[in-house]
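The chains carry the letters A, B, C and D, assigned in the order they are written, with residues numbered from 1 in each.
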Amino acid sequence: MEIIPYERKVFYYETDRMGIVHHSNYIRWMEEARIDYLKQIGLPYDAMEQDGILIPVLAAAAEYKKPFRFGDSFRIELRLVEFSGLKFGIEYEIYKRETEELCATGQTRHAFVDSRMMPVKLKKEYPQIYKGLMERLEKKDYT
Amino acid sequence: MEIIPYERKVFYYETDRMGIVHHSNYIRWMEEARIDYLKQIGLPYDAMEQDGILIPVLAAAAEYKKPFRFGDSFRIELRLVEFSGLKFGIEYEIYKRETEELCATGQTRHAFVDSRMMPVKLKKEYPQIYKGLMERLEKKDYT
Amino acid sequence: MEIIPYERKVFYYETDRMGIVHHSNYIRWMEEARIDYLKQIGLPYDAMEQDGILIPVLAAAAEYKKPFRFGDSFRIELRLVEFSGLKFGIEYEIYKRETEELCATGQTRHAFVDSRMMPVKLKKEYPQIYKGLMERLEKKDYT
Amino acid sequence: MEIIPYERKVFYYETDRMGIVHHSNYIRWMEEARIDYLKQIGLPYDAMEQDGILIPVLAAAAEYKKPFRFGDSFRIELRLVEFSGLKFGIEYEIYKRETEELCATGQTRHAFVDSRMMPVKLKKEYPQIYKGLMERLEKKDYT
């Protein structure tokens, strides 16, 4: 299955007085891309929440190489780099569509919990989700 | 009881590439001021939510006269202008602290609902909240 | 020329603890739709800014009829309802894509200024922009 | 000089449907604390921008241990951990005021540039700013 990268235009309100996209918005872009990715691999985020799974963020980071400005569009390619059945980790590359430059990178790490914020053992309790993620870990996306 | 106006500095991330605070953030400032006001009159918002009352916004509006910039602080004076036991309305005046200029005005209108989003009859079910708001309607704040 | 309405999914970070999209985000959605509309009618916002025109917001309002939740998508139809060469006004209808329900309405009003925030006389100084907007005022979009 | 930690209440609009503060907002809190800190040590951010210095973010990261909810307040203690005259690095500890628990940590790294985004040699061109930051590097704040 070929994963389609996540893309959109920069929104005006995402810029700040330095004339570039505010650095906190990249963390939000990464969430948009992550949710789109999970949907593409058959694990839509809203359905998982309805099944009682929450996916809080344990850690998030971004490295800003070149700024984005209003008028630009970005494309995010991501890959699942870690998955243990309790936690998973994703790495992101954020490209400027107009120039194909790698403008930023990022990483997030997540846990699976239930509505009381207690850990969920994915392999045992949601085997289809476990399988879906384990398969992605072994694939290479965006060849 | 004297109401203390709500005040704070403009945050950097609230500005946009026009060099001024993005217009959508004034709606957020009005929420901060509203929540602070409800707390001051003895009706803290988080406690009301714990009692099963939600207060969704029915309408919100702002009129932008002079811009705010990073380095400025704002002060919001608000008054309860409408209260029916089912709905209430608030008007806001947003001043620049440094110059005392009126830079923006706003209005919001709200309903009281329960967790199923059904209307709550405040007078009957939460008489103390009803009384607290009715008293404010008749007072003049910020003489 | 047929105008294509602006559409996208609700983002997770746009929701709040009431489980619905926070009311301030509708003002941001209206900006996204307005900028997309201006691009479709041949007046891209970033190009106008490069030509020295800024378009600050004079007023913004929204009326919230039914909430949006994560998992929903919205569609915005807008029309130019006022244009004087110095100011223009837009009305918005925000529909839930999944059900075609009208969930919110909005209005914004704008001025044309230069980089010193002084009014720009569009008809005289940027006749092509003036003409583009005047034509839209007379058309009916989204028949 | 004793540094006063940065503190405020959680805002309602900072929460998401998981009932906790959205992880992207911690990056914004760190910016608020950083700007407050720079002001306390005599290097107010808006004044530096007026002198032609911009301070873009090179990297930002956060580790989320315990969530914040509406009704909570946070306190941020930060320390300058790196300063080379061209770049500086800050570490943040984010405590819940009500319980004194360490709920999150963070790190940011920054460069000094001019309005053309070219590096500024702080020691040579702005010796007073260089001196102010070098002094903080050697001190221990929040004993």
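Note that contacts are C-beta pairs under 8 Å (C-beta built on N, C-alpha and C of every residue); 3 or more make two chains touch, one makes a residue touch a chain.
For clarity, every value in this text was computed on a predicted model and none was experimentally measured.
Ranked by distance of CA centroids from subunit A, the top chain is B. Chain pair with the larger contact count among C-D and A-D is A-D, by C-beta pairs in contact.
Of all residue numbers used where subunit A meets subunit B, over half belong to both copies. The two sides are thus made of the same residues.
Taking the mean of the C-alpha atoms as each chain's centre, subunit A and subunit C sit 29 Å apart.
With centres defined as mean CA coordinates, subunit D is found 35 Å away from subunit C.
Measuring from the averaged C-alpha position of subunit A to that of subunit D gives a distance of 25 Å.
In subunit D, 12-13, 20, 24, 28, 31, 70 are the positions where the chain touches two or more neighbouring chains simultaneously.
Residues 18, 20, 23-25, 27-28, 31, 54, 56-64, 67, 117 of subunit B touch subunit C in their complex.
Residues of subunit A that touch subunit C in their complex: 8, 11-13, 28, 31-32, 35, 45-46, 49, 70-71. Interface residues of subunit B, counted against subunit A in their complex, comprise 12-13, 15-17, 19-20, 22, 24, 69-70.
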